[in-house]
Amino acid sequence: MRKISTFSKGGVHPADRKDLTCTKEIVRLPIPEIITVPFSQHLGVPAIPNVKKGDAVERGQKIGDAAGFISADIHSPVAGKVLEIKELFLPNGMKAKAAVIEVDQERSALTGKIENDWTQMDPQEMVAKVKDLGIVGMGGATFPANVKFTVPKGKKAEYVVINGVECEPYLTSDHRLMLEKGDKILQGSMMIAKMVDAKKIIIGIEKNKPDAMDNLERLIEQNSYPIEIQPLKLKYPQGDEKQLLKATIGKEIQSGTLPIDIGAVVSNVGSTFAVYEAITNDKPLIERVVTVSGGAIKNPGNFLVTIGTPIQTIIDACDGFSETPDKMIAGGPMMGFGFYDLQTPVMKGTSGVLALTKKESIKGEQSACISCGRCVQACPMGLQPTKLYKNIKKANYDTAMAMNLLDCKECGCCAFICPAKLPLVQSMRLGKRMSRKKK
Amino acid sequence: MILNIIYAFLTVSVLGTLFGFGLAFASKKLAIKKDERVLAVEDALPSANCGACGFAGCAAYADAIVNAAADITLCAPGGATTQVAIAEIMGLEATGGDSVKMVARVHCFGNDETSKKDFSYDGILDCNAAAILFQGDKSCKYGCLALGSCITVCPVDAITKGEDGRINVDKEVCIGCEKCVTVCPTGVMKMIPYDADYFIACNSNDKGAAVKRACTVGCIGCKICERKFPEAGYTVKNFLSEIDYTIEPEGRDKAAEACPTSCIRIAD
Amino acid sequence: MSEELKDLRIESSPQIRHKDTTSKIMWAVIIALLPSGIWGVINFGWYSLVVIAVSIITAVALEYLFCRVLDKGSLLDGSAILTGLLVAYNMPPNVVLYVPIIATAFAIAVVKWSFGGLGANWINPALAGRAFVFFSWTGAMTTWTAPRSWAAISGASVDSVSSATMLSTVKTTLLDFSGTVDGPAQLLIDQGYLVSNFAQNISSWFSGTLNWDISPIHVDLFLGNVSGCIGEVSALFLIIGGIALFKKKIITWQIPLSYIGVFTILVWIFGGLDYGTGYFSGDIWFHLFSGGLMLGALFMATDMVTSPTTPKGMIIFGAGAGFLTFLFRIYGSLPEGVSLAILLMNIFVPMIDRYIVPVRFGTKKKRGAA
Amino acid sequence: MLKEFTKGIFKENPIFVILLGLCPTLGVSTMVINALGMGAGVIFVLTFSNIFVALLKDFIPTKVRIPSYIVIIASFVTIVEMVMHAYMPSLFASLGVFVPLIVVNCIILGRAEGFANQNGVLVSILDALGMGIGFTLSLLLISLIREVLGSGTITLFAMGSFDGVIEIPLLFNAPMRIISLSAGALLVMGYLKAFFNWYSSRARG
Amino acid sequence: MSYIAIVITFVFINNFILTQFLGLCPFIGVSKNTESAIGMGFAVTFVMAIASVVTWLVYYYVLIPLGLTYLQTITFILVIASLVQLVEMIVQKISPPLYKALGIFLPLITTNCAVLGIALINVTNSYGLLESFVAGISAGLGFLLAIVLMANIRERLDLEDVPKPLQGVPVAFISGGLMALAFMAFDKALLTNLLG
């Protein structure tokens, strides 16, 4: 095994609270009666619905077409009838169209399995499959996977880095996947290496998941896969591709460029598993593993959930709440979004559903900035959140932009560490939005 | 004594002449073309070079006025006369004349009592910041968030927040710059004529049922105003009533009384 | 079920926060300062407690007033109490009461609230308050009470004996001193400066059992058996408080280390010149433990509001303060230089923060491959 | 007509509103008598330079107007210098370098350029007197505050047995010395300006 | 006095702005942002250095031989006004980039008390030619230091919620006052002790 490494600049150490669910096996959740499938489950342009009210749909049928290069297809996770196409708020605070589908349970059941031999396929064919089956990055950013796996002309991929970091507190879905579907993930990563024609495959895992590391290590040895495991120190936001690449291969992505510019392709464990299933079983991205956790959940756990399932259903599967939550979160606590409607559906990027108590979220009264500089030291991007915040508050959006506001990826380190409890990330988002509006 | 006076006289005049000639010569020799408008503005400025405008002297300020569209009202020593002179040079005639004076007005009468909230918002007290999260905490996504972005942006302090949590615009103070209209994320701030009698205190394009669920004072698009008082200039579009201010109205006040949610309000 | 969840809190990510808050930080600093203050009261008598109380009361009263008038800030954040406490720590124990009152008022009203309250001031309020009264009532600010230990030696009551601090005695003696003496400690002993019996015992114990030559002056300075400002005399208690803050991660190593480091090196190189012992012979222990150096380096220079935000900036800030302290203490007309040195460096903080910025991720020159 | 005179005292107060002539304001305001002396000097120079500028404005080519004005002003400043040196040597000494510096007092050049250049002689005189008195009053205010707080005294002209110094009880024994030093000058000026801002914003509504 | 002593005196001990109040108008007016402050500071330094030399020459080679020292104010201001204008023109012609950086500040300096001040102070202290030059440069550097520090402080304060009546000029004065308070650490005794 390699030496334990990490990225160099910034970062924070939130309490990880993974003990709540890290031993809970993934349980498949039955499909509910009615599901809601949003057409914008990925980064980029929302897909265009190709079904209308009253249409019958099949399981895996494409119901939304990718609109543009950075966009992804949407498939119906179930068979049934489209009740309506409506608008709803997604947890990220944006409005999007969604198809409400009444489920035909019998036809939705899993049927005969297809088993393709990926070693016989050529890379283009594989990328096309990934695209047709609507695979996106499942770590949170939901970047369309086929775009990532298409190496632009003139560039060469050297590394495939599989992101098994899962640095967000509470979440254990990737952890469980690595324990339970280790071989498929390893094969999936070799598929990606084939697609991008890379020689080296590295899996980065934080050292709070020793069992997952052992499991993968064992599988690699058994099958003598050409894959390396890179253990990493605990530090948030190591799961971000910029920090991950710095930690694993020691290279920094230049500002404004992509991983491929330093010869690397990054894929999350969850998406790697989805890639495996897409290529070998022709299965579109219609279900995913979701960690349901937090102090307000009675029985936290990991669930394999059909996309479009209302969050209420999975909470019920956990026997409901043990106390009234202070906030509900879709995703991890550092970058996830709060939501208020329990009918909100699970989407491709919903890695977790958290119900936090007041004590856990540590609500604090805002006070004045005392220039302690902790945010500056915590920022993994080397920005100065305090100055950005003050400029944005004074509506100096141009100054903020000149201070590289756009390099901010809203990882939340600054606002997490801030003793004055200032809404730093919100101000960054406000600044970006307002300077866009100005143009 | 006499000699001294002569010396003094000579020294000053010789030095003066010397410098005068030198400078005249130098200015010929070293002449550089400048934008004429800059020179004109520079002439109009008092040349006190006091720096009160924040620029490095009158020339810099003149340059900024011409090339960087700096505010022409910054010259404290020059005062109003200078401003007029600069405005003339720059062709910045005071707008006005026959156009109707417009003032801003919040087209919403909702506050914490009348409008439902979906969640409790925690973050920057700024409408645009709040709008990032589900377009604000109110169930109605068209209404006034009342966090006062318009108050901050108003250059003349015409906008205030009342005790009842509603945002008011003082139409006597409002100069119609529309900055508040631009900054408002929900578009609830709209311009109406200065002498408008009534306005629709709602901005919601939701259907009647949805409006009723969210708020007790919203326009539910019932069309009573449009149908019963055809002469009053009301039209309902997108489940929202609109007033045509260009016509001579008849019975606009009656319509206001008839409005079931009384969202046709007097514009005082 | 969903009916219960009417009032969910929605905020922008991150959804969890660190447990430290501004007021926790302030209170931690106050607690870390307490031992030294308690020692001050023990050492100089009850009157110094009155000085502390008056300063804090003035600070809190004014803070309350400003919070009400300007409708922001909060008394509970502890910052006003901290300011009041620090002002009092920088006062001579027998000072006329209007001096700490005006110093505190200046700190709170002029330095803090003129700029908009907590976090907005660019210069350390307590130190600016001290400087203000120091230059106004220099006499009152430079008359000292003798430490308790002297009473035992001289037999007189503590309050009635007044004395100069070691630093000012050294400074005045050096004015017309020529010749060679082994550093300031020896100079003081030669002058007949009183040392406590306890320090004598310690000193002789060290030389007896360990064969270490430690001047009793150093022992007195380290423990705080000397005259000086209320809260600055005991290096020992201040260091304990400083270490506690460091452990709690409220102060970082950059400022204290660079401050004390630069100061020590300079004193070591040049400090011996006045005593005729040449270069590289300065008495670093004497200078480290005397005056307000420990209070300044550990508690005043590290004030978050008025120090740079980046580690590199902090090192520059500390080094600058160390240099200036050295300059004022060895060459200045005043015996002490810590507060003015820190104030001067405060002036430079906005500049440091402007030019010393962190390296942005992905802007470093590519190395090796590519 | 009267407006030209009164505007300088409050509405267009040269120090607090237009912020001109700050250097002498702060430099000499340690004693009340300095303020009076400086004020008198400035009124004299301002009045006469305004008269001459108003008279000569049609003869001076615009290109060289500023240097010409400076020469006019400098001449009167030299006169003030000589008179003060001869008859009030102690005042001259305490005003120091600020007497010749009246030349570059922005108020004077500003008025010459901004007002006398465009107006008749009589109005210019009124303007000069108004501005000069406004300047003197402001200066007086500052120096009164600084001297009372900073030295505990009020220094006026010596007359007969009265040595010109009024001592303020209590403050005289322990004055807030810093106020009479440079730091105090800037602080006092800052707060007075803030007071003016607050007052005028309140007066406006 | 040695040259080092002159430098320390004019930069720190008798800083033109913080203790002498010379050049306050531009100090308050042009310290709103750092870029202008730096430009202004260098322009002042430049002009002060040249003006020191030229006025020295005029004083010792024209006024003294003719016994016309009482004309110093009028001649100095004449010299400075012309000099500034000349310098402006020359810089504009020779080095447009330098003009862009400094030039716009030059006219503002004519009526800057600091320039006339240094000329008069040089005479009062009966400095030699080189001493005058050094004094001019140092006083300019002192001005530069103060105005740049001030600009940085004001930029920081721009981001804070300063109470309304204090915003802008008042807070600049108060900041200046606090700076002057801290600068009191530099006194004559320090200089004497330092240089023996």
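Labels for the chains are A, B, C, D and E, by order of writing; each one numbers its residues from 1.
The rule is short, and it goes like this: a residue touches a chain if its C-beta (ideal position, glycine included) is under 8 Å from a C-beta of that chain, and two chains touch if they have at least 3 such contacts.
From a predicted model like this one, the values you see are computed outputs, not experimental measurements.
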- Contact-graph distance - origin chain A, target chain D: 2
- Item | Third chains touching both chain E and chain C | A, B, D
- Note on the structure: Whole-Å distance, C-alpha centre of chain B to that of chain D, is 39
- Between chain A and chain E, the Cα-mean centres are separated in Å by 60
- Note on the structure: Whole-Å distance, C-alpha centre of chain A to that of chain B, is 43
- Item | chain A residues counted as touching two or more neighbouring chains | 338, 340-341, 363, 387, 393, 423, 426, 429
- Using the touch rule from the top of the page, what residues of chain C touch 2 or more other chains? 8-12, 72, 110, 114, 117, 119-120, 132, 135, 353
- Considering chain B alone, which of its residues make contact with at least two other chains? 12, 16, 19, 47-50, 52, 119, 122-123, 132-134
- Name, in rising order, each residue of chain B that touches chain E in their complex. 4, 7-8, 11-12, 15-16, 19, 22-23, 26-27, 30, 32, 47-60, 63
- Query: Which part of chain E faces chain A closely enough to touch in the complex?
  - Reply: 158-160
- Listed in rising order, the residues of chain B that touch chain A in the complex are 118-119, 122-124, 126, 128-129, 132-135, 152-153
- Query: What does chain B use to touch chain C in their complex?
  - Reply: 119-123, 132-134, 137
- Across the complex, what residues on chain A touch chain B? 89, 93, 95, 338, 340-341, 363, 393, 395, 423, 426-427, 429-430, 433-434
